[in-house]
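Shared between the two complexes below is chain A, which has chain B as its partner in the first and chain C in the second.
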Partner chain A sequence: MTNSGATGFNGLELHGLSRRVGNHTLVDQLSLQVAPGEILALLGPSGCGKSSTLRLIAGLDPVSSGDIRLGGRSITTLPPAQRQVAMVFQSYALFPHLSVERNLSLGMELRGMARAEIKRELDQVLALMQLQEQRQRKPAELSGGQRQRVALARALIRRPALFLLDEPMSNLDAQLRDNLRAELRTLLRSTGVPVVYVTHDQHEAMGLADRIAVLRNGRLQQLGSAETLYRDPANRFVATFLGSPSINLIERGDLQLGLRPELLELANAGSPVPAGWEALEGQLSHREWLGDRVISHVHCPGQGTLKVLSSEAFTSDTLQVRWPKAQALRFHARSGERLPGSSDPHTA
Partner chain B sequence: MRRWRLWLLMAPALALLLAIFAAPLMHYLWLSTQAQSVLTGLKPVPIGAQQWLRLWNDGRFWQDTWQTLRFSAASVSLEMLLGLAVALLLHQPLCGRSLLRTISLLPWALPTTVMALGWRWIFNDPYGPINQLLAVLGLGAMPFLSNPNITWLAAVGADTWKTTPFVALLLLAGLQTIPSDLYEAAALEGATAWQSLRRITLPLLTPYLLIAVLFRLAQALGVFDLIQVLTGGGPAGSTESLALYAYLNAMRFLDFGYSATLLLGSFAILLLLCGTAALVWRWSSRLQGELR
Partner chain C sequence: MARMLLLLWSLGPMLWQLYSSLRPNEALSGMGTGGWTLEHYRQLLQSDPPFLTTLLNSVVVGASSTALTLALAVPCAYALSRLGRRQARALTALVAAAAAFPAVLLFLALLELARDWHLANQLLALSLPYAGLCLPLAILLLTAAFADIPIELEEAALIEGMGLWQRLRWILLPLMAPAIASSGLLVFLFSWNEYPIALTWLSRSDLLTLAPAMARIAGSSVYTIPYGAFAAATVLGSAPLILLMLLFQRQIISGLTQGAIKG
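Coming up: the complex of A and B.
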């Protein structure tokens, strides 16, 4: 707080953060803020710059330009150890030759903490993460979930001013991942520090994060709550990246219409189209039954196949697919930018 | 039936092993109980354990044992230290790293006799480059190859120069198996370069260090060609190795029986040392558990 350029904001701030390697721009002019106690997810496909951003914040890679501030103080040029940052690596980066206990205590030993204090901290975090029985085991003797807990414990015991997680769930099986999401969210929120969570999994981002930053080619596409990104995407990329099954895109000249599968309604072919609605006709190609809902894949000549999410299967094979015009998203066909207003400006 | 078939499938390999290792060893064991020299007209004559007693009372054998151990201990430890240093250096992201790696392997690729001749010239007194340099600096010449207290060190130097690349290569392979995020995790915890080396690199490199020690120890204890060309065992037998002594008995004194006894004697010493190293290795790898 003694820094001359101190601002009032207490969390993590990125200002025009960039990283370039040769001709490649890995992170391009990224600016965002994460408040204390807030979980921000960096979401995007592989190679979008989300992990690069995390490494910049941690201090593992040098910043090309821009500023990183934590607690109002610039940490852009500080070495990793002085940033008080804890990071959970995708591989967990547990030391294979050390027991769980030593994995957790190594950092404190390196910082010269007293033995009694180390033991107290260890007992506390091992109890919190339910790892007491594993404390003497080596990482190789642990299950995937236990390893993840050790990695989290090691980050917690650091008492960091900032929490970074790099795809911490990607090595777990799908069911465990679903079960852990809420638990992890509670744990991360309890630290009271800014949390940056990197993932390529939209479910994880939506289920865990308070806000999501969608990245593509190192650039921020949109930043907002999961609901905002889903209902009000800034461009076609965000619209297609979020949502499962993914959004339907159909051509309308130099426009593209984005139709969420749950927006579409099925009717018998040739049914009258209600006022303010638009419709296409097509053949049912196949159905995916999800238990509570059904995805019908309807082939519409000239428009490709539309996915329709409904609660009940429609029995007929020739179908009408229709939607309220005002609720279709409109994108510029070339640039993919979102255009305001409803689907058909001439008749709206 | 099953067991019978297993043996049948292993038979070719077993036969090869027997022919290459077991048969010569058994032959030598037999030969060590025979006198076969010029005195017997080069015909084997059974003499029981006499040559083993001779070995026990042979001062030159014990002196050569000491010299061989001294040479091995000095050169292997030096090579491990330098090899580790070179491996750590070549593991860094330097520009032209692959070229450096290739260059660093050259001494190892050179035939020992060729490099030993080279070193004999380098150590030459007074015309070798080192002594020329010393003369230019106004210092006295160094009797590298004629002073018993210095010559064995010269041999260690030449051996270290040649085999450090081998150790470095092995250790470099080991370094490349250590994931870089372990170092990043340690750096986030505040580890200095030295702490990372001691807490992460060395423990994870231990299996590779021990394999390198094992390989190099086996080679150094049987050193022959380097000594033969560089010093011929001199001065005053001060650099003579066990292998060289056995060679002299067979090829110069034509005492094949005693040469066989000598070889078996040094084989026993080698077995003892390498066996200990292997035990230490197994013990430490069990201690470490599976790496990941």
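Coming up: the complex of A and C.
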């Protein structure tokens, strides 16, 4: 996988990919690989360069420097049509004046494909996406979920060598999104091609992707499985971006300790602190009851409010919050870099 | 009630013309009670040249001006809407300035042109100045309409492998249909109503368009004002416009871009 040569690797490779517009660097020296059949999520806040990266791969924007290779050959300068990529847009970009059927078939028709073949492909993909009944409808007459399926179908029917998705779930309601995640994952996996999935939603990235690339200001922060990013973040940004409720940060001189809410324990104020543990005393400000868990917000004077995740609510209002010292993540206060010596909280 | 008043206010003049066109001259000048007559229409249709020729001339000029304007304005507007913001803004300001230019100042120069290039008494040649005068406005209207089409639609087509003409033909122009129809209608209306250029460029009476022809009817007699004939000409002259409006109103009103973007 570390081999960057033209031979061997069959998936998508980015080498030092950059895009600059004026003084702005939208994507900065991005290098990564996506294997065939693998789903890679590009995760980050808005403006982090994830959509820009997708547009570079699709060929919608010109590359400033670097190389994009697909199946061993460079596609950096090819026009979008010749890259064999399929893209699902955030807005779905369905052609509003055409029926579902024509939305899917127009590209093939214009490429001069035989009518019988088009019909066969159409029937197959419409059956797969359960859209047979909506064949003749216009996009305006479809529900949000149906529109998304049409957009996916339009991408699938091209039999692309690479699948790009730009926040395809962001316009669906939360319930539908949860239900669709597994379905979408199975579907994308079944194509057997590399999939790049852009999202700002950590749940989506964690639930769908094999690996996640976290971006910030156009730079790759960390690349790895959801578990690696969560348990062993490279820096404070990755640590705060993943996890819900988010990680607690407390100041220790020029250090910052990162404490996952589920790592913290509650005890009565003034309880003796066990050896190898550290503790803060505080006042309960409020509780969020989530059914299976409770988030207690504990105000600790001088340290702000800590979020503690526990299975049961603690009755007292003055509390001690404590944690095993060895399991706190340690970050450099100014740069946010992760410092060695803070061990993985879940392996200790 | 308020709606009825509004309707009366806007339709009143047209209905008055219709009424006048069907009344004999004596009744119109208050010297008799008359009754109803089709005499004015008969006169109009049997005059030399017949009024239908005039209408046909106007249709030819209107259609060719509209076609020429749209053929130039659509590509122009597409390019303007896809240019970088700074260049587009400068060019749009220029176009807007051209749209605001008082066309009256051009008449003498246009007359010179017509003489030098032998464009006088040629119906199709009239579409040159008409298209020239309508272009800026058409470009501005169409540019705004192009800018309203989400760029993702074109990008999706690009990824599908469609070339420029295919994107225009299959994606953009169908979505632009309402805007194109309404700009085209504006151009047609302009050339239908245009008077001074038509008056100066056309002298043969069988080539006259509607506006100068009607002026001739009005000035045909020294001693009487031919109210009836004039009203009949007005009614016949506006009939094609009303027909066009009815034909295209669905196009103009339709919200074709609905549902292109989720939400």
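Going forward, the second predicted complex is superposed on the first by the 336 of 348 C-alpha atoms of A that agree within 3 Å, B and C clash if a C-alpha of one lies under 4 Å from a C-alpha of the other, contacts with A are read in each partner's own complex, and residues count from 1 in each chain.
Basically, a residue touches a chain if its C-beta (ideal position, glycine included) is under 8 Å from a C-beta of that chain, and two chains touch if they have at least 3 such contacts.
The shown structure was predicted, so the numbers you read here are calculated from the model rather than taken from an experiment.
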Exercise. Do chain B and chain C fit side by side on chain A after the overlay, or clash?
Worked result: clash
Exercise. After lining up the shared chain so the two structures overlap, which partner does A:171 touch, if you call chain B first and chain C second: first, second, both or neither?
Worked result: second
For this session: Examine A:336 and indicate which partner it touches, taking first as chain B and second as chain C; both and neither are also allowed.
Result: neither
Exercise. Touch check for A:140: first (chain B), second (chain C), both, or neither?
Worked result: both
Exercise. Looking at the overlay, what does A:324 touch: chain B (first), chain C (second), both, or neither?
Worked result: neither
Exercise. What part of chain A is shared between its chain B contacts and its chain C contacts?
Worked result: 58-60, 80-82, 85-87, 89, 91, 93, 95-97, 106-107, 110-111, 138-141, 154, 158
Exercise. Can you list the chain B residues touching chain A in their complex?
Worked result: 179, 181-182, 184-191, 195, 199-200, 203-204, 288-292
Problem set entry | Complex contacts: residues of chain A adjacent to chain C | 58-60, 80-82, 85-87, 89-97, 106-107, 110-111, 138-142, 144, 147-148, 154, 158, 171
Seminar exercise, completed: As the complex stands, chain A meets chain B at residues 58-60, 79-83, 85-87, 89, 91, 93, 95-97, 106-107, 110-111, 138-141, 154, 158
Exercise. For the complex, which residues does chain C have touching chain A?
Worked result: 150, 152-153, 155-162, 166, 170-171, 174-175, 256-263
